[in-house]
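I have a structure I would like to understand better, so I am pasting it below and will then ask my questions one at a time.
Chain nomenclature is as follows: A, B, C and D, assigned in order of appearance, with residue numbering initiated at 1 for each chain independently.
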Amino acid sequence: MIRFLTAGESHGKALTTIVDGFPSNLQISKDYINQQLKRRQLGYGRGLRMKIESDSVEIISGLRFGKTLGSPVSMLIRNNDWENWQNIMPVDPVNDKIQKVSIPRPGHADLVGISKFNFDDIRNSIERSSARETAARVAAGSFARKFLQEFGITVGSYVESIGGVYPEKPFIEKLFKNKLQKNFTAKIVSDKADKSTVRVLESLQEEKIIDKIKTAKKRGDTLGGTFIIVATGVPVGLGSFMNYDTKLDAEIAYSIMSVNAVKAVEVGEGFLLADKYGSRSHDEITF
Amino acid sequence: MIRFLTAGESHGKALTTIVDGFPSNLQISKDYINQQLKRRQLGYGRGLRMKIESDSVEIISGLRFGKTLGSPVSMLIRNNDWENWQNIMPVDPVNDKIQKVSIPRPGHADLVGISKFNFDDIRNSIERSSARETAARVAAGSFARKFLQEFGITVGSYVESIGGVYPEKPFIEKLFKNKLQKNFTAKIVSDKADKSTVRVLESLQEEKIIDKIKTAKKRGDTLGGTFIIVATGVPVGLGSFMNYDTKLDAEIAYSIMSVNAVKAVEVGEGFLLADKYGSRSHDEITF
Amino acid sequence: MIRFLTAGESHGKALTTIVDGFPSNLQISKDYINQQLKRRQLGYGRGLRMKIESDSVEIISGLRFGKTLGSPVSMLIRNNDWENWQNIMPVDPVNDKIQKVSIPRPGHADLVGISKFNFDDIRNSIERSSARETAARVAAGSFARKFLQEFGITVGSYVESIGGVYPEKPFIEKLFKNKLQKNFTAKIVSDKADKSTVRVLESLQEEKIIDKIKTAKKRGDTLGGTFIIVATGVPVGLGSFMNYDTKLDAEIAYSIMSVNAVKAVEVGEGFLLADKYGSRSHDEITF
Amino acid sequence: MIRFLTAGESHGKALTTIVDGFPSNLQISKDYINQQLKRRQLGYGRGLRMKIESDSVEIISGLRFGKTLGSPVSMLIRNNDWENWQNIMPVDPVNDKIQKVSIPRPGHADLVGISKFNFDDIRNSIERSSARETAARVAAGSFARKFLQEFGITVGSYVESIGGVYPEKPFIEKLFKNKLQKNFTAKIVSDKADKSTVRVLESLQEEKIIDKIKTAKKRGDTLGGTFIIVATGVPVGLGSFMNYDTKLDAEIAYSIMSVNAVKAVEVGEGFLLADKYGSRSHDEITF
């Protein structure tokens, strides 16, 4: 059984990840994980934080000579700006008075956090509810990614839309209709997306999105968006219909929905299927 | 910790549910559970099966004098048509030759099931992948429903659309804008839906849907749809942002997506948020 | 992952077991499970209950034509004396006044049960804390036993002592010194024990124990005892030292200690090792 | 739900612990945890390692101003001797040839470890199977200890015997007979034990044990032993008989047996009960 725990406040000393359950002798390097961490930090118009960060992993245990030992892997992602935060986020008690955060932001866990955990400083809850926690998950996920590669399974992603700007020639339709190039893998589409500042597949769309982001910034506003995840090389029969809690769709929905700000998940055509006849929805059985 | 397991093949002797972890002294009756099972069987144009069924629960253990004992609750939902299936689905070996199901249906677990579990009879996999399993979950869920009621929490639902026929005056918009009647509870909307053959809220929509179903039936086809689940009386702070696996949104997505044929889940406005500015997406903080 | 839940009160309608996670196509029969249930009921001087019982399993689901489907297996073990208990242990409310059990027994969960679960009738807690629950576990365990047999692994047991009466020529010493017959399997010792009324290996010991039981009965008293479990054919490397919660010893201790009245568990020589030099404790490494 | 994961090789850079599920606002300090770590390192005749170590915890996250945030707590216990091991236990690949450990020790996980995890260097398995992992558990356990203190529950321990040298006036008998001083707490006995080099309660016993250890050392041998754990202030009703996997005895047995070299666990009088009449075994019910 593969499992993991993450720990760490957004402006604390470091994020910690323990990943447990991967087999021994899996080859993986710090560089490989850092590359994934870097992909997380792509994006136009992201906050200053992203520039300061340039996350880098320190592997504490679980590997020897570049290979897993089968033991739990421990990793740290240090906060590069810790120097400026050590008086605000110290582990130990301090004598000085600290300025508390007292104005909760809408659409965030600020208010509910201090109610639930009985705090008088919103910082105590925003530090962990921050999306920065996902960096620790990326570190954990790198092991999964590397492990799946051994079986020829790749998982890739791209941004479908930001602020309502969708692609002209949606890649997804080709994908659903099985009209992609012969040797298509999720890696191909993901690599292409990595080359775009906003991880989209079309350059015109990219321009429009950057404009939209600029506008939003000027207005002091933010934008929503959608992203597509593709996996290729997946063998038939992962997951099981034998129980409500072994279904692959459910596991995927769980993982995606647990990411900050995600409010919807579709598998395959998703909601599009709702308006269709069954005869148009079901995949034909082929050899 | 509340947990449950279900067992049972679609045309087997009975479905079994064990629900564990509810406190002692919770009052609940067979009638209450049967009423929920009946709600599951509502619907226009459903297969013959639904008429045969008229599911009824037999509580085997976990209750005494109409109250929970704190011990695991065991329940059976018998297959009313078992008599006609006992030669096809017997637990014990038989001498007779059995006609195997050999043509897999698209959009079902038929083919993947026999591959994964090494069968030569598709029946072996369709019996458990059948949506009939959800009856056992309804029995389990009845305890959750009753338990939540003790805290003034009600969970209700209605069908939003079938085959692309949506309501004229979508209730959901009022809900999102907080423009519902003062004492609105999820029960109110759910009770209203229960009065419709297809569990919608508008009678014109109901007519159109029934027409659409008739058409689909004639064509030997099926229809998709969408449904809305509402919960009221929910206290602030359920779930937690402290871990990826304690987030309420994720848990909800998991549960919904684990239901047969569900391919998409939204929380709140869901995908609508993707195209909006943040300033239009976040709930205002009020007293 | 193999998991199971049991339900059922000692004098309720039936015990229920759901076992989940066994692979498909495992051959197992009602007779096989009943044979294991019968072994649970062996013993001299056991209460009247054991005679009434003669437990028999009804498999509700999870099997077809004598083979597992890979789906959860559901089983009932009915209470043969239910007729006489249906007014005392009914699931539904009754009008009649019921005589409550109000005197807690020492050494039982009687008192703590009613405190913890807020009951005014001790019966409500003794029904589930009863050792009869282990019958449901035996049913679950039968699947594990059958599954392990496929790999040549057998698990057997015998009673080492009752009331302080130990064997003259302890089998266990031979076992520890590897001085058993060449083709020794756990099944051999277990089958031998099954032939004894009190499941011991020596007939003189059996006589003495029966005398001791008679004496205890006359005094209105009970006796303690010890039992040995042996497994043979076990491959090297089950469990793992990588985590505190994957250690086989710990799992075994958990399972054994969860059986009613068990208050101690040893692995191998157990406490004997405490007084020895390490050089006398460690198994020599051989080919 | 409280849970934790540990990671780290015995001679690696550091041990890591993530503890999750403790409530917010629990006061705990580095010193408190270090004090517990120091208690783990007490003992006469322990290896050189213990002197080098003098373990000290670094809290990475989960606390602010000396109080828990309700978020997962991450801690490092660095290997003080890492400097001398960085060429033997590096995370990254190296060019130099490394001397492999090739002679497995009896009574250790050496041989089974390399078989199970497919290594050709025994070091790869002894590093994680080492008892040093328990230091990470002590760090985790410190939070449990501090949390329980808030409810007046203390857990203490002492060494009962080493190499077969038992106390003259066994404290445990007084404990079982309820003949201890009025305000007895587990802390009292534990503090007393902490003052002994070998954590026993009697000075004569201590002398004898030290002699025995000296003898064993001269012979190049090791000694076994037994220890007693006492908890006081524990409320009635922890754990539950409702399920095999919620029983407190079973949980305790699991935890204790998962510690390296532990091969037996008793609750209360344990095996002593096996030879007694029930009337002598059961605690009398008192007010």
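Please note the rule applied: a residue touches a chain if its C-beta (ideal position, glycine included) is under 8 Å from a C-beta of that chain, and two chains touch if they have at least 3 such contacts.
These figures come from a predicted structure and were not determined experimentally.
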Interface composition of copies subunit A and subunit D: same or different, split at half: same
Chain located farthest away, centre of subunit C as origin (C-alpha): A
Of A-B and B-C, pair with higher C-beta contact tally: A-B
Centre distance in Å when subunit A and subunit C are each reduced to the mean of their C-alpha atoms: 47
CA centroid of subunit B to CA centroid of subunit C, Å: 37
Intercentroid distance (Cα basis), subunit B paired with subunit A, Å: 30
Junction residues of subunit B - those touching two or more other chains: 5-6, 20, 70-72, 116, 128, 240, 242-243
Touching residues on subunit D, where the partner in the complex is subunit A: 3-9, 12-16, 18, 20, 23-25, 29-30, 59-66, 69-74, 76, 89-94, 98, 117-119, 124, 127-128
Touch list for subunit C against partner subunit D, complex: 5-6, 104-109, 111-113, 115-116, 125, 128-129, 133, 137, 161, 163-164, 216, 219, 221-226, 236-237, 240-245, 247, 249-259, 262-271, 273-279, 281-285
Subunit B - residues contacting subunit D, complex: 1, 20, 70-72, 240, 242-243
